[in-house]
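These are the structures, in structure tokens.
In what follows, chain A forms one complex with chain B and a second complex with chain C.
Take a look at the complex of A and B:
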């Protein structure tokens, strides 16, 4: 053997995007190696906690024949909690459809879901190699032909091993170092283009998840927390119920943490100490803390998805929709699309951009791209309309308080006070402007 | 802005599992002089693992062992003064839940 290992496809990173791509290739008979720098696929991965079933089924159609599903609870109630400094207005939705099988979404842990997906990939024939870091791409004449890893090529040598393949799929996650090396993006991202999210998994006493959140054993709650959760900064918190614990987290643009001198874990502590949250979490024990960046560069930061012998999928491409907590599913879809392009390239025997662009074309046809375009102004909209986070949750809490405690008062006065509240916090023109801007944004104008 | 409750980050880090690479320091300050002249030192706050701290002499120390490899300091250091890399394969944080 020469000084390198050869496969049909090499995949960098064992998250949902890479595993989906690898699985798709292997199922079409290609020899696939997946390199993961963690101790197992998922060891480095963290997310809020909701997986959409449809995307998982597209990889594992026999999901429900599993003895043990890789999830925590089906999501049967979801929505938003608008937090004021000491109160909450809960807007949540549930319906019969959310109880039908299969459930539309589940709460989950990445360090359990990803290894399960990796096992599926292995069953499909993928060679999953953990504890290996990819140092660089092997490039010649603008063409990628594999990767250089941080392991010696054999026992006797100290020379680093090369893993060669005509197709390299980059699923390296948000820190898109290799994507940049491949020349698929012109520059690194800025702190304005990513959110920093921190989360704690908090174990509650036995039976308390059900009791405190009004759930039975096979029901789950998933809510986004707005307002005081982020101190009125653009961003959100989240609360997802797991089997015996809750995932509680909060995220802001990284630039806001940096500029305001905020400590992410103190922002989360502030949320935990909120009177409403404190009651729900009392007696809880933090099992794990963690942090992750969320790529929110959107359409303007979208890399070229394929080059000569190389494609990029998942977070590395920035495929998330923070408004709809989509990310894991988009990673899976992009992985499948890239995997199909790799299969096509092997059938054709050509691995150039002209062939691999099948992936880019499929992507542009998909709703992922349509959504990126539709919400291309998201960051600007959030930044320019801080009152949506800073004022409205507080106002809505005050309004409900006034209305619901109006006994013993002339209601004319109560309503005057309510209207006065809007006038004072936003003014009539402010209200109108907020409405028009929000309307325009959701119309995609 | 109201003051946030104080948290000892070590209590949070304590919940995490690490395989510390004693032989490879994956985060380094490129030029310590720049840190000395940096007024805001935002790394002291935005780093979610409290990797960057001040020592008694007022100099920034890098506790790379606690790093959760999120990449914040890579881009949010105002002077891009961090030489950032992942730990070697198999080392660093290993989430139990994630």
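Take a look at the complex of A and C:
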């Protein structure tokens, strides 16, 4: 026992989920320690780059009184760019609503957003301790009572320190080693269940982001890139505008990288060489390069969210909706819910599953769970309908090209060529099947 | 033993870029770190504390954000951390900085004199290597620069033996305490601090000293006002390659003579 530190709650991992959970507990007067293995909260974290304002406001209602917001640009234009081999069809949307205050979403960097959130947590009273790696859970009789870390207790001792608390909140991210040790999930994930995303931040000369993307200083563009961006594989690329740089990335299921022998950086290089991208990014300087796994195991890989004295939040639980680029917000919501359960448990003085399941119940009533259920067939749908990525972006580019360059020809011929194109690439039954399948998927059937 | 370590928070120059238009450093978005040579000084202090027992006081001069560097110093085992922060300190060159630090150290030594004063050999953002010597001169204590190793510290006779790196080789020097030492990288490795120290660091708050309180400083010697240095131009100096060194003891006389003759012939001297 002499080797241990004691708190009301110990949180493992300083991402949005862990910080939200810790903050919620501290604001209710609990003593909270958060252990983060990176040099600072956010040091090891990476995301594409869009954060939804509502989730941040639910943690920091005074967000807009900040001198400097922890974001890059508000998102005022959104949509998809369908890439063919050398062309693009842009489907983007903007309207007055996207300019209303507060903006719905912002582009951001984790290396700035997470430290900001960590500071908020510290202000709430959380003891944020970076540079500490949690090695294991302390379990007895199926009950978790803290964690073992990679640091000794003090200068005199060589034994590893224990941090004990009646509630342990695991926000370890996609590599859910502790979640497994806690017995909340029976197995590790498979390559089919995670996406590997690579990203570069490309700095453009001053004023060029505005010029090249048709934006003013407080406008931002966030688009998903389909088709050639992933070489026709299920997945997507993205392009988000930051203050003076662009976040460009692309992600596929890990299994597709493995099966096709694709290298992540080659995929991104290929995207950067696309004529449309090359023009938009010319003269840009790469500031950073990163890669990260995204948990897309969905409902079938969902762990039990709580056990005896332990809860799991954020990426570790797989709370991600790739279709709507939700992840950071879901992490925050889950953190808040778990935090509330921890507070409830301390009020009750009971830390068993029966008490902590308040979190699981709240989760099941939330839209996060409803969405996981609604899109439970996402992976299967994407895998079985590769033509959505391999054929349609190409076809749509071709069709628009034919239609828009039809002068000097009999239009009957042009249209015949267009219909011929559909027939050749998908066939009439194929078209119908694709339509029905897509419709069924979005109906949640 | 009473040890003082003076540190500086600097932009991480591995990430730094120069604005091609103005020739100045782009500081925005560049993370701040403890100057690596100062971190070595802290590591040495930490090592000595664990071996001989010591109280470590760490001071830094800088904006309020420099607090982060001091909190990190606690992870090395610092017992007392002091931030000299005042708008009047802004724009200080090495002269004004040496004055400010020396006066503060004199004040602190009034409470308990220091046996050892540790500085980094230079800061990676300015590379002047003047502040340590400037402080030693003002305090009237012996100075040993570019120290790579502490060979012996005798708390009884109050003497220290150190290795000092020069262009000609290593000098081994003995000095009485108190002494001011400027440290090179090799002097100490950052310790793998225990959890108790990380927690203490997270909870720590530095004492903040202003230009008046608790040490009343002469306004004219502070900050920009007290800094006669004017930056004329910033440029990257050409790297001088060190000459080839052959040791007679290792290579033998005849090989060395042959090499010299060949080299002189190549140069067209012979």
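Here is the rule we go by: the second predicted complex is superposed on the first by the 444 of 445 C-alpha atoms of A that agree within 3 Å, B and C clash if a C-alpha of one lies under 4 Å from a C-alpha of the other, contacts with A are read in each partner's own complex, and residues count from 1 in each chain.
In this section, a residue touches a chain if its C-beta (ideal position, glycine included) is under 8 Å from a C-beta of that chain, and two chains touch if they have at least 3 such contacts.
Just so you know, these numbers come straight off a predicted model, no measurement behind them.
In this superposed model built on chain A, chain B and chain C occupy separate space and fit side by side.
Look at A:5: by the touch rule set out above, it reaches chain C but stays clear of chain B. Shared-chain residue A:46: touches chain B; no touch with chain C.
Using the contact criterion defined above for the overlaid structures, shared-chain residue A:151 touches chain B and also reaches chain C. Counting the residues of chain A touched by each of chain B and chain C gives the higher count for B. The superposition-derived angle at chain A (between chain B and chain C) is 60°, Cα centres, a multiple of 10. Of the two partner chains placed around the shared chain by superposition, neither chain B nor chain C is touched by A:338. Using the contact criterion defined above for the overlaid structures, shared-chain residue A:128 touches chain C, although it does not reach chain B.
Look at A:202: by the touch rule set out above, it reaches neither chain B nor chain C.
Residue contacts after overlaying the shared chain place A:191 against chain B, while chain C stays out of touching range. Shared-chain residue A:388: touches no atom of chain B or chain C. Across the superposed structures, the minimum distance from chain B to chain C, using CA atoms, reads 8 Å. Comparing which residues of chain A touch chain B with which touch chain C, the overlap comprises 131-132, 149, 151. Residue ranges on chain B touching chain A, taken from their complex, read 1-2, 4-7, 9, 12-13, 15-16, 19, 40, 42, 45-46, 48-50, 68-72, 74-76, 78, 86-90, 92-98.
Those residues of chain A whose C-beta lies close enough to touch chain C in the complex are 5, 33, 127-129, 131-132, 149, 151-155, 157, 161, 163. Remark: chain A residues 37-40, 42-47, 109-112, 114, 130-133, 149-151, 174-175, 188-191, 194, 196, 198, 200-201, 231, 254-255, 257-267, 269-270, 273, 286-293 touch chain B in the complex. Chain C meets chain A in the complex at residues 50, 77, 192-199, 202-203.
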